[in-house]
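Chains: A, B, C and D, in written order; residue numbering restarts at 1 for each.
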Amino acid sequence: MGKIRIGMVGGGEGAFIGAVHRTALAIDGRCELVCGALSSTADKAKRSGLAIGLADDRSYSDYRSMLTAEAALPEEIRMQAVAIVTPNHAHFDVAMAALDAGFHVFCEKPMVMDMTQAQALASKVRETGLVFGLAHTYAGYPLVHQARSLVAAGRLGAIRKIIVEYPQGWLARMEEGGDNKQADWRTDPARAGGGGAIGDIGTHAHQLAEMISGEAVTEVRAELTRFVDGRRLDDDAEVAFRLSGGGKGHLLATQIAIGEENGLRIRVHGEKASLRWLQEEPNSLWFQPIDQPAQLWRAAAPYLDDHVAALCRTPMGHPEGYLEAFATLYLLFADRVAGKAGNDKILFPDIDTGLRGMAFLEAVIASDHDGGIWRKINV
Amino acid sequence: MGKIRIGMVGGGEGAFIGAVHRTALAIDGRCELVCGALSSTADKAKRSGLAIGLADDRSYSDYRSMLTAEAALPEEIRMQAVAIVTPNHAHFDVAMAALDAGFHVFCEKPMVMDMTQAQALASKVRETGLVFGLAHTYAGYPLVHQARSLVAAGRLGAIRKIIVEYPQGWLARMEEGGDNKQADWRTDPARAGGGGAIGDIGTHAHQLAEMISGEAVTEVRAELTRFVDGRRLDDDAEVAFRLSGGGKGHLLATQIAIGEENGLRIRVHGEKASLRWLQEEPNSLWFQPIDQPAQLWRAAAPYLDDHVAALCRTPMGHPEGYLEAFATLYLLFADRVAGKAGNDKILFPDIDTGLRGMAFLEAVIASDHDGGIWRKINV
Amino acid sequence: MGKIRIGMVGGGEGAFIGAVHRTALAIDGRCELVCGALSSTADKAKRSGLAIGLADDRSYSDYRSMLTAEAALPEEIRMQAVAIVTPNHAHFDVAMAALDAGFHVFCEKPMVMDMTQAQALASKVRETGLVFGLAHTYAGYPLVHQARSLVAAGRLGAIRKIIVEYPQGWLARMEEGGDNKQADWRTDPARAGGGGAIGDIGTHAHQLAEMISGEAVTEVRAELTRFVDGRRLDDDAEVAFRLSGGGKGHLLATQIAIGEENGLRIRVHGEKASLRWLQEEPNSLWFQPIDQPAQLWRAAAPYLDDHVAALCRTPMGHPEGYLEAFATLYLLFADRVAGKAGNDKILFPDIDTGLRGMAFLEAVIASDHDGGIWRKINV
Amino acid sequence: MGKIRIGMVGGGEGAFIGAVHRTALAIDGRCELVCGALSSTADKAKRSGLAIGLADDRSYSDYRSMLTAEAALPEEIRMQAVAIVTPNHAHFDVAMAALDAGFHVFCEKPMVMDMTQAQALASKVRETGLVFGLAHTYAGYPLVHQARSLVAAGRLGAIRKIIVEYPQGWLARMEEGGDNKQADWRTDPARAGGGGAIGDIGTHAHQLAEMISGEAVTEVRAELTRFVDGRRLDDDAEVAFRLSGGGKGHLLATQIAIGEENGLRIRVHGEKASLRWLQEEPNSLWFQPIDQPAQLWRAAAPYLDDHVAALCRTPMGHPEGYLEAFATLYLLFADRVAGKAGNDKILFPDIDTGLRGMAFLEAVIASDHDGGIWRKINV
C-alpha cells in the first residue's frame, strides 16, 4: 500500500502548527509530504520548503502554482491531498481551489471565516465528492473515542449536563505586536476571524462536547471578554448551551488563566453515570457509575472496545500524546483518501464538523454582541 | 480559661449537621455543650438530648423554654451561646429570640429565608452587640486563609477571573420523600427557602470567592435548573458574576453530578499569578506565578504566614479535614465570645457574611426568575 | 452511657502527641480526660495539667501519685484508664504500675524498649485481664479496614508482595540538640530505644502490612543508616521481609527524604488484584483487579462493607483525617473498656500487636548489626 | 541536510519494539528506514520487509546479506547505520558484524548477553570509531535531562539516597508458551540472557539512576524472585546499591504488580532538596527544596535549561510521550552520525552505558546466586 502524497500550504518559518502536521503525517508511515507552498510570501515559501527538505522543484512559491504544477504531474507522483495550515483567513480560498483542482483537503480549524464561506465550502465538498478532513486534534485521542462509546452504549443514561473547559494561560500578557507570530495572528481579526479564544480553542471544546455526547449544541448564550488591554479579540469566553437531547452545558475557553497550559477537559453527567477526560492526561478516562467506585480506564487496556484499542500504538503505560493524536487524524484521513471503508464507529472530523463549528462560532459571537441573549444554531 | 458553654437548637435524631457541630466544638476544648432543644417536636427533643448525654434538666423540649430556663441559671453555669442547627426556615426566630435573651449565636447557613429577615437580624446583632457566627465551614481551612493572604499581599496582582464550583452527586436521583431526611428538607421550599443547590451549597461557593478575593460579588446572572423530575427546588445553578474590583467570575453549584462528592473548588486568576484550592484535598494549595513552576503549598508548612500556621493542629502530612475546619470556626467564635481580640487577619464569617450571602441568593433567584438578566447586589 | 474517664501520663509542655490524644479522645464524646501527670518533672507536670484545664487536685506531680490518689476515689469518679504518651523509655514502668493498680492502659508505640519488657507486659495484661490498646494511629482509618476486608475476602488471591514505605523529611538536618524536643528524644537511644526511624515510624509500617495482609512478618533482613552526621540512631531503614503466607515484602522507613511529609503508603500485590493506600490521602483506596479498570474506593461510600462504613463520621467528600483516625482508636478502646462486644471484624491494635512490633524491631536491629543477615521472628 | 539512512535487523511480524523504532526514527525526519532483515527466518524476513513498505531489493532475508549488499551500494544510497531490534541473544553478532562492515549501530538493550561480549563489543566500537547508540528510551525524555541538570548544578546538594522503581503487571500470570511472543522470549534464558525483569526493565532503572545522579552504582546486593510458577527467569528483583558519591539506593523491578503498567519512577534525595519523576507522567518533574513549597516543573516551560527546552517539540500542555522520547534518541544518534558536535550537556546512552548496564546485571545475578551478598561493580 503506497503512502498518500500530501502537499502543504502554510507552515513555513516561524509557524507552529505546520511542523506538527509534518511530524504527525510521518508517524504512521501512511502519508508522505511531497511538496508545499509554505508561505504567502514567495521567497519565504521557497526557502521554507527547502529548509524542511522538499525537492527544489516541488517547493512552490505560492499555492496556486502548486495546484497547477502538481496537477500536471503523472498520477503516481503528484500529490493527492492538500494540508492547509495557514492562519484562518486563508483557509477558504486554498480549500476551494484545491477541491476545484481535484485534490482532497485536510484543513486546520476553525474551518473558515464565516458561515457563508462554510456553506460554500460544504457545497463544494459534496459536489466534488473529495475527502475533507478538519484538524480537530483531540478527536484523535483513543480515550475520547472510548468516552463516545460509553455514551453511545447507554452507560451514562440520558445526558443531563456537560461541562467543557479549555483554559490556557499563554495570552495572560500582551504577547502580540512583538516576536510572537502565533500571538500575532491569533489575536488579529483580519487573520483569525471574529473569534479569539472562542475560535482558537473554544471550537475544540465545542467539537469535543458534540463528539462525545453524540448530540448537537442547539442554542447558546455567550459572553466574550478581552481581559488584556489593547487586545483586539476575546481572550476569554463563557458559553451556556443547550443539547439536542434536552441536556444543558457550559463551555469555558480562556487564554488568560496563568498556570493553565492546554487544559482542555470535559465532564459529562448522565442519569446513571458520569465521565471525565483531560487532554493533559490523555491516556486516562474516568468513568463514574452511580453508587459504585469510580473507574480509571487507561489507553491500550484489554477492556477497551476493539475499535478504540485499534487506535493505540503502544502498550499500557507507554504514554502517547498530542502528536500521536494528530497522527491518528492523518491515519483516518489516509484511509478515506485510499478509499478504505473506515470503521464507522471511528468518528472523523469532516466538513459537517466544520459547518457545525462555524455555526457555533457565529452564534456565540452574535449572542455576545447582543448582550448575552440566547441564539439558536441551525445547521 | 473556662470553656464557652453552648446550647444547641436542632440536631436531634436523624439530623446530620448537629453531630458535626457537637464534634467540632469538642475538638479544641474551648467550647462545651451544656444544654439543648434538639427537635421541634417536644418528646423527640427531650429524647435526643438524653441520647447525646445532656443532663436531664438541661435537655429541653423546645428552644423558648431553653432560653428562659438558662437565663435563670447562675451566670457561671448558664449557657453563653446558642448553636442553631435546624433547617433554614427556623433560623430566624431562634436567632432573634436568643439575641433578645442575651445569648451569642452561632448559626447554620444559609442564614435566614430572605433579605427582610436578614436585615432584621443584622439590626438585632448590631443593637445587642452580641457575637454572631455563621457556619461557613470551608472558611475554617488554613489554606483558604493562606489563599486570602496571597491575594491580599498582591501576589496575584489584580484579579481578572474567579471560577468557583461546588459539584455534588447525592441528589442525582429522587431521594426526597423517603427516608432521607437531609434530602427531604433541603428540597422543600418551606424549610429550605427559595434556593435548592444554590442555597445549600452555592452560598458556600459565593462566600469562598468573596473571602479569598477580598472583593464583593456585585452583580449576577443566573440559571437554575431542576434536573430530577418532581424536585421542587433547583438541583443545579450556573451563575455569572462581577467582582467589585472589576473582575468577572463564574459559579457552578450542582447536586446531580454523579461521582462528585463534595467538590467545592476555586480558581483565582490574577494578572501575575493564579491559585487553586479544592476542599476534598484541603491541605494543598496551588500557587502558580507566571513564568515559574507551579508551587504546592501545604498545611503546617514552615513557609506559611504565621496567622495561618496558627490554625494548623497537626504537623505536615498528618491530614486535617472537615471536622477540624469546623472546629476552627468554633475556636474563632469562642475567642470572640471570650472577648479576646482575635487576630484581625483571621477572617470569621459573621452577620455581614450572612447578609451578603442572602443578598446573593435573592439576586440569583430573581435573575433566574426573570430569564437570566443581570441583577445588581446592593448590601 | 457514661464517658470513659482517662488519666494521662506525659504530654505536657512542648510535647506533640499528648495534645493529639486529648483532641482524639474528645472527638466522639466517649472518653473524658479527668486527670493527668503530664511531665516527669513535678512542677512542670502540675503546671501543664492546669494549663490544659485539669482540676487542681487531679493534676498530679507524678504518675505514681496519680495511680494512688485515683484508686482512692469513688468508683464513679476515678479514672478508668491511663493514656501513656511519654517518650518510649517510660512506657514500661507506667504501664506495669497502671495495670497493677487496676487501670486499663492506652499506650503510645513503640510499646516498650525491648522484648524482655514486652513479654513481661504481655504477661501482666493477660494476668489482669485489663484492656490494653496501642496507638497505631493508622489502624484507625476506615479504608485501612476496607483494605483488610478485601484481602480477607480473597479479592486479591494469595499475596505475593507487599511494598510498604514510610518516608518523612523532617530529620534531613541535625534538628536534635536544640529547641526541637521531638527531634531530641526520638534520636536519643536512652529515651527512644535501639531504633530511630525504624522504631518511630517503621513499626507503623510493619503494623500496617500485617494488619492489611492478615499475615505475619516472619523473617527480616535489614540495613539501618544514619545519614545525618552526629545522629545517634538510624534515620533510614531498608527491610526485606517474608510473610507467613509465603509472600515477600519490602519496607522503607526514612526521615531524610526532603519533601516527604508523613508519607506512609502500602501496595499489596496478589495473584488476582492489587491495592494501594496512602496516609496523606486517607479517604481513597485503590483496588486494581487484573484485566479491569482500577477502582477508586472512597470513604463513606455506599459500597463499603458495613463495619467499615460504621467507622466513617462524615459523608463522602467531607475529608476525615489524622485526628479522626486517632479518635477511632479511642472509640474502639472505650468499647472494650465498657465491655461492649466490639465488632470482631474491626481490628484493634492491642498487646499482641505490641509484642509483634517489638519482635520485629529487635530482629531488624539485630539483622543490621550482623551485617544484613536474615533473622527469624518468633513471637 | 540529508536523512540518515537506517537498516533494521529484527522487528518483523509479531514484534513490538521494531514498530516503535520505525515510528521513532520517522518523527523528526532526520532518519529514514531504507532496508532491513526483519527476521531470523528468511521468508518471514522478506515478507515482513515488504509489509512495512521496504523496496523489494532491500528487504533482505538475513542480516549478513544486508551488510554485504548495502556495503556494495553507492555511498549516497547505502545505509549508514544498523538498528538492532532483535531479542537480546542476537545483539552481539549483529552489532559486531555491522561495525566490522563499517556501519554505525543503534542497539536495543540490554546490550548483549554477558560482560565478555560487552567488552569485546566495546573494544570494537573504540577500534572502529563508529557511533554506537543504546535504546535507553527513558533517557529521551526532556525532564530526565532537567533532573540531571538540577543535580549537576548542585541544587540537591550531595545525594544521600536514590529510590528507583520499575513496576509492571503484565507478567502476573503465565503468559509465555502461548501466543504472546513478547512474553515468550523475554522469559527465555536462551534469548533474554540471565536476567528476566532485572534485564528487561531493571537495566532501565539502573541507567536512569546513574544518568540523573551523574554517579556510578558501585556495589549491589540483590534478590531475584520467580513469583509465577513455571517461569524460568526472575519476574521480580530487589536491589540495594551504593553510589560512587557515598550515597545509597534501592531498586525495584517487578513484572507481577497487577495494576502497574510501565511505572518507571525515581526519587533522588539530597542534602538540600529532592526530586521525583515518573515515566507515566513524563512531562512533569517535582523539585522539592527544603523548607519551601514543592515545585512542579513542566515540559516546554520557559524556566527549563536551554538544552532541555531544545528537546521539547510541542508547547506546554501538549503532551509528548514514549514515542517522542524514543525519537529523541534517534535524533541524537543522527547528530552523532552526521558528525555534528552534539550539545555536550545532552547525555546520550552509548557503549559505556551499555558496558555499565551489563556489569550491573552480572553483579545483580551473581549477588542473588550467592544468597544476597554485596558484589562490587568494576567497569
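The rule is simple: a residue touches a chain if its C-beta (ideal position, glycine included) is under 8 Å from a C-beta of that chain, and two chains touch if they have at least 3 such contacts.
Bear in mind the structure is a predicted one, so any value in this text is a computation, not a measurement.
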item: Listed pair (B-C, A-B or B-D) duplicating the C-D contact set, over half by residue number; value: A-B
item: Pair sharing more residue contacts (C-beta pairs) when A-D is set against A-C; value: A-D
item: Chain A-chain B separation of Cα centroids, rounded to whole Å; value: 44
item: Rounded Å distance, chain A centre to chain C centre (Cα mean); value: 55
item: Distance between the centres, which are taken as Cα means, of chain D and chain A, whole angstrom; value: 35
item: Shared interface positions of chain A, touching two or more other chains; value: 260, 294, 298
item: Arrangement of touching chains [line / ring / star / complete / other]; value: complete
item: Complex contact set, residues of chain B against chain A; value: 160-161, 163, 169, 172-173, 221, 223, 225, 227, 236, 238, 240, 248, 250, 252, 254, 256-260, 267, 269-274, 276, 286, 288-290, 294, 372
item: Touching residues on chain C, where the partner in the complex is chain A; value: 287, 291-298, 301-303
item: Touching residues on chain C, where the partner in the complex is chain B; value: 1, 3, 16, 19-20, 22-23, 26-29, 52-53, 168, 170, 260-263, 279-282, 298, 313-324
